[in-house]
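Some notes on the structure that comes next.
By letter and in written order, the chains are A, B, C, D and E; residue numbering begins at 1 in each of them.
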Amino acid sequence: MKKIPHKHKSKKIRHAPPGSAPGILNIPEDAPRPVIHVFIYNEKECREEQLFSTADMLNILQKYPGMLFWFDIHGFGDKKFLEQLSDSFSIHRLQMEDVVNVYQRPKADESQGPLFLISRVLSDKDGMLQNDQLSIFSGSNFLISLQEHYEDILDPVRVRVRTGKGFMRVHGIDYLVYSLMDAALDNYYPLLEKTGDKLDDLQEELLAAPTREALNRVLQIKRDLIVMRRSIWSERDKIIDILRSNFAQVKDEIKIFYRDSYDHCIQIMDLVESYKEVTASLMDVYHSSVSNRLNQVMKVLTIISTIFIPLTFIVGVYGMNFAGNDPATGKSLPWNMPELYSPYGYIGVMVFMLLIVVAQILFFRKKGWLSKS
Amino acid sequence: MKKIPHKHKSKKIRHAPPGSAPGILNIPEDAPRPVIHVFIYNEKECREEQLFSTADMLNILQKYPGMLFWFDIHGFGDKKFLEQLSDSFSIHRLQMEDVVNVYQRPKADESQGPLFLISRVLSDKDGMLQNDQLSIFSGSNFLISLQEHYEDILDPVRVRVRTGKGFMRVHGIDYLVYSLMDAALDNYYPLLEKTGDKLDDLQEELLAAPTREALNRVLQIKRDLIVMRRSIWSERDKIIDILRSNFAQVKDEIKIFYRDSYDHCIQIMDLVESYKEVTASLMDVYHSSVSNRLNQVMKVLTIISTIFIPLTFIVGVYGMNFAGNDPATGKSLPWNMPELYSPYGYIGVMVFMLLIVVAQILFFRKKGWLSKS
Amino acid sequence: MKKIPHKHKSKKIRHAPPGSAPGILNIPEDAPRPVIHVFIYNEKECREEQLFSTADMLNILQKYPGMLFWFDIHGFGDKKFLEQLSDSFSIHRLQMEDVVNVYQRPKADESQGPLFLISRVLSDKDGMLQNDQLSIFSGSNFLISLQEHYEDILDPVRVRVRTGKGFMRVHGIDYLVYSLMDAALDNYYPLLEKTGDKLDDLQEELLAAPTREALNRVLQIKRDLIVMRRSIWSERDKIIDILRSNFAQVKDEIKIFYRDSYDHCIQIMDLVESYKEVTASLMDVYHSSVSNRLNQVMKVLTIISTIFIPLTFIVGVYGMNFAGNDPATGKSLPWNMPELYSPYGYIGVMVFMLLIVVAQILFFRKKGWLSKS
Amino acid sequence: MKKIPHKHKSKKIRHAPPGSAPGILNIPEDAPRPVIHVFIYNEKECREEQLFSTADMLNILQKYPGMLFWFDIHGFGDKKFLEQLSDSFSIHRLQMEDVVNVYQRPKADESQGPLFLISRVLSDKDGMLQNDQLSIFSGSNFLISLQEHYEDILDPVRVRVRTGKGFMRVHGIDYLVYSLMDAALDNYYPLLEKTGDKLDDLQEELLAAPTREALNRVLQIKRDLIVMRRSIWSERDKIIDILRSNFAQVKDEIKIFYRDSYDHCIQIMDLVESYKEVTASLMDVYHSSVSNRLNQVMKVLTIISTIFIPLTFIVGVYGMNFAGNDPATGKSLPWNMPELYSPYGYIGVMVFMLLIVVAQILFFRKKGWLSKS
Amino acid sequence: MKKIPHKHKSKKIRHAPPGSAPGILNIPEDAPRPVIHVFIYNEKECREEQLFSTADMLNILQKYPGMLFWFDIHGFGDKKFLEQLSDSFSIHRLQMEDVVNVYQRPKADESQGPLFLISRVLSDKDGMLQNDQLSIFSGSNFLISLQEHYEDILDPVRVRVRTGKGFMRVHGIDYLVYSLMDAALDNYYPLLEKTGDKLDDLQEELLAAPTREALNRVLQIKRDLIVMRRSIWSERDKIIDILRSNFAQVKDEIKIFYRDSYDHCIQIMDLVESYKEVTASLMDVYHSSVSNRLNQVMKVLTIISTIFIPLTFIVGVYGMNFAGNDPATGKSLPWNMPELYSPYGYIGVMVFMLLIVVAQILFFRKKGWLSKS
């Protein structure tokens, strides 16, 4: 699993083939079939049911007048169902296409039918950044949330609807909308905390040894942070949109909560930016570690070479075979290496070489090459 | 063909000679002659004809009253025809000049006569990015599309007009305009998918061996992404223009489709940006691979040198010719290299050198220079 | 303590668990219990008291009509007290959550109840940048300031309230608000002065020896400057907000003081930016120092090697054992190294080598390799 | 001439001495004397004359009522003439100062008297970027163009005025204004084409050999592109200004031509930006070429050294003089280098060394160090 | 003096201690005492006097009714005087604080009392960038200029007031304001010219030898340019402010002069930006010079080593002591180095080595390592 981050398979975006007519749903083969769970609640009570079709959904809306309905749907593997859903709740086909072609930017759109909202749900799955989509349609008394997979990130909200904790059942559908989107937003905090921990570990690692594997992990985190930044910026734009527009489905008393979400966005953006700075400085640490290592290697080579190469030359001199006597005449050749025949020649050379070594060591110490760093 | 991307011949822009009068069409010598194909359709039927002059075009407009007309033209190699086209459909000469001088930014212009739209059609041709132009003039009941070459990218739209699939024949000319521009936009997806695959391959390659050839391909992809980014930004500006302006030829009910195109633009921009980030991190991978290689080369040199240079010195010492006896007097010179005459001198030296090697290897292991990375 | 800057533990943001209901106070276990100090003053006099509950606070407000009240509170370790405070002074729960979840951007908010202001108080604690929060609620005749720890940064303001120096007791609560926020802002100056001194020292150090430890300190300062920049930008936005909005609690005659604060913000931003430039150029100095060192090491290696390697070759030549006489026949082999038997062979070789050394030294001098830099 | 681009003499801006009164003309000593050429034309005819003073200019204006006048002036070397010109045509002194102090940004100014326009005329002169200024004053029936040197860039316009080709003599003075400015703008195209060719050549060169001279040329082109970018941005701003303002001297029917110029600006900006990207990637190519070269040099050194240094050690071993017999006693010392006396010792050592070489070559091949790149 | 630029002492900003009351003047100990010089002028005459107190100033205002007054003050070393000045001319204390706490951004402020203007006066003092402040208070008939030191930069304006050259005494106080600010602005030109000359010299130097000292000077110039850019941007903002606001003290007929100043600002900004680009490319030149040097050093090492190391091995081979005869039996060992006893062995080896050297030189020439660059 350590090796996974290396293989950064580029993100695939699901889209219809070029030139095809818009608004046609393009369901992947292996998509899980939809599961429809409904919460029917008012201030006093909350009941839950499992539904199986849009007909069930419409029936239950009529069966409990005056109640609020949260249709909590996962799985897109039924094109027919999604088309019926679109028709029954007057959802535009292009919006339903956005629900299915998961990789849409966070946005809020009330151009037609119920208020349509998209949030991105980022999470960490085995060290890989998971980027899921939460689509919400909000009418006056019902909310439809659609997700491709069942995400336990909404579980705290489900619990709050069931138990009636906080303001959940006091306020209307718009507070539920806010709560779902806030749950998606809150998810950034543990994600960033994990990222921070990873960066701390990487700093330690890089200072100890600048491995390529660690560098790859830094680059991976950098890419993840870029994804987060893009998501949170759009998330922020969406919230500004909600605060400024007078969407029918967002009452003024709820806006103070969105202002709080807005502050959270800013806070998350700050964190993401500061982690980006940390990755940049980790790159600096990496490069300085690498060049430091090279320097150390070169220093060892240079010290050893500059000490021994001259010495080897000197001993080479006394390994020359200049003859002390002319082999033909036997006459002495007194200028040819008389040191070889001196009684203290050997010791003299050894002492001379020792002095050279000492001089060089003093030179290196002065240069500071013998210090650690 | 592998070598082609290296030769990045800078893009030539076709333009009139400096100082020449504006609005004069400047047709290249070797331009293919225009081919005019017309689709005549309404909600119920669609017929197609091949035309040969602007006269034919005007005739057919009168022959089928109440129908919609799509004049699908390729090839600019007939200056006269283009001038007549300009006069017959009250197209400004400067606009016709833009059609011919292909490299115009995407734009929408209704200052005079029919609505004039330019889209860029990007495609991959043998690994090179192809950047073609689709020019559209849209009147109330006719649409003229002009391309330099026949691009099969519009084929899905042609099929939809012929077969009446989707909303094509339900809506008017403005939906046809949208469909053509959306087809051009959709083309980015397969292009980017290909780019993503190339980047994945390059990452593998660069980690294995940082070749210059791979670097060149990264730089080429980076340049292509810059071209894409510029195009998609203008495309987005054009769509914003269409959404905000009240062009006579764009009805309000069509605008929801343009909003969808707008979202696609944003999505494509996101993808382009994230691929740009990937190219940047591939550059980092390349540079770290290169410096890693240098480090490894230097480590091998240093290890071999620092082990053998001192040893060579030692054996050099015992290759010196200091005489054990004074050749003149024959007297023993006991201080001159007595080791040479010791029975275990040779073995002693060999053991001493072995100890040095062991000490050095321990030193290198401690430094971590014997590890792989 | 020298080692502390290396361990850049990523900043932890205090936040509620994801999905939890908003407005619920999330007090850390080890938070110090709140200490409530009150200043009761008007133009003529000032008295101080220690209070213990919100009830005390409400009582004292009634006991001294016509006076101004500054409730100076530190420590959040009492959830109940904070909730009562929120209820007694009609503070929104989300605002109280912002007070407790310390890391909020500077902001001004008058949407509900008293004017709510957040300032960041940056200080240097043992060489680490401390980033604390000052929260202020300002009513028409009272001000509540909340801090997690007792910060002596407000002491000069406390003295000015006590002694009535300056305009403090002449103006109303809004001037006190301004004074507290200005005190937080003024704190940047000594902080930046310290940073400037550190950078001056680091420049000296890096020019002398490019240690990794110094590089780490540069990176640390860079990160601190980024934190400061972010804070001061928000501080500026807050002040612009105060200047433009017509907050009930900020009278027009006070605005000229805020304009002065605005100028201070700009000044601080300038300083921060120029220090960021200095850190960037210190990075350049570091990298140039490192590559300079490598160059010097390599030059020494190259000079020593290129001088002695050829010499060693030459002496090796005369260490070859080519026989002057055929050992079998005893016939002279005159082509085999006659130099060895020449009377001036040895001296000739020595002189030849000396000439080589001189030539090389001249070559190196011409190349400029013997110079220092 | 090859060497010229290296010496990037920083551009000198002509300006009055600090503190001097504004509006005083500051003519350089060696400026050429003004040459006044006038085109007098209407729809039907065009005559040309050479004039010598402002008096001549005023006379001729009265002599041909109902005609249009283009005073085409080069050379500023007559302060008196320029002052009279300023007075005769009610041109503000500060504007006349802008004409003379050539390096003004492109701008359009109608605050007083005739419409005042500045264009920059960029051209390539012996490989150096030439940056000249075209100043235009446009009244209702006359146009005064001023240039420091005679630029043949306006020649096509002169021809069009003479021959009456295109719309030149159909429209009024405002079309002449447009034509002059468009001629200046069109000049970017051949300039950029030349730049593109240079960059293509440089890419070839850098891939072959990363010389410093080529790097300098890349840097020079980068600087030229920056100059072009700045000019074209201001040119664009000027055109936007003309399109938005209701200058008396620019009729609405001419604005469509300016919209075309605007598109040209955008196109030129695109080209400049893409060439800047190319220079950036050429820098990358250069640096990767340089480090590639270093790597190759080091690989050769390492391969040769690691092969021969151990071998030299081995032959050194057998060059040691350990005595096989004790010279004093003549007793055999069997542990001292018995290999030397073995009949196959020499061959054995040679084979052993051959094996070492083969092993090393296999190791290098496995490392990929023997491949070319 | 050569060493000064290395010691970039970070700029100290003068400010009051944190938390102190605003508007309290904080005079440095060693500040020079104020010198008050007054110019009393109208269209016809100009007289000058030396004054000693605010009382003198008020007296002289009454003594010469209908005249214009320029109080030209240097030195802040008298807190009392400044306070009286503030009171006598209804200057806000915070503005007077800005005058004294010299480092304020250029700004224009008419919120209260006379129009308050700050300009920055940049100059070169012994190679260091000097950044002084010129503060101006402008009433309807008087102008007070305050500077910390006597700057001869205003001398040309003083001369123009005295002699009545140009429009100086024709226009009112507002023209004097303009003239002072324009004099400060004009000062950028010689400063930038000097910077340009320095950069030209540095380019020469860096191409010759990439010394650290030259790098430091480049970095210093870069920092100076950043200071200039910041100043000129604020200067521009101030002028835009003056042009847009309807300050009572700036008549419309003067605004055309400010438009000229605005153009100068743009021109200066262009120059500063282009010099910043030059510093960036000098950094590139430096780094390429350094790596070029390293490459050359390594090439010399590699060439010498790869030529001589193999040769040394070969001569080492023939220095081995393999015995030609078994010392015990005296039997010939024909496989042990028969070359040594061949008559042409020595010459053969020498020729062989010569061939190796020639082959290597050919290899190096092919690689292009023997060329200069």
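Methods note: a residue touches a chain if its C-beta (ideal position, glycine included) is under 8 Å from a C-beta of that chain, and two chains touch if they have at least 3 such contacts.
Please read all numbers here as calculations on a predicted model, not as lab measurements.
Counting steps between touching chains, the shortest path from chain C to chain D takes 2. Centre-to-centre spacing of chain A and chain D amounts to 41 Å, using the average Cα coordinate of each chain. If each chain is reduced to the centroid of its CA atoms, chain D and chain E end up 25 Å from each other.
The multi-chain contact residues of chain B, meaning those touching 2 or more other chains, are 291, 294, 298, 301, 305, 309, 312, 316, 319-321, 337. With chain B taken as the origin and chain D fixing the direction of travel, the chains line up round the ring as B, D, E, C, A.
Put simply, chain D touches chain B in their complex at residues 153-157, 160, 165-168, 179, 182-183, 186-187, 189-190, 192-193, 196-197, 199-200, 203, 207, 256-257, 259-260, 263, 266-267, 270-271, 273-275, 277-278, 281, 284-285, 288-289, 291-292, 294-295, 298-299, 301-302, 305-306, 309-310, 312-313, 316-317, 319-323, 326-328, 333, 335-337, 367-369, 373. For chain E in complex with chain C, the touching residues are 6-13, 15-24, 92, 94, 97-98, 103-105, 107, 111-112, 209, 211-213, 215-216, 219, 222-223, 226-227, 230, 283, 286, 290-291, 293-294, 296-298, 300-301, 304-305, 308-309, 311-312, 315-316, 318-321, 324-325, 332, 337, 340-347, 349.
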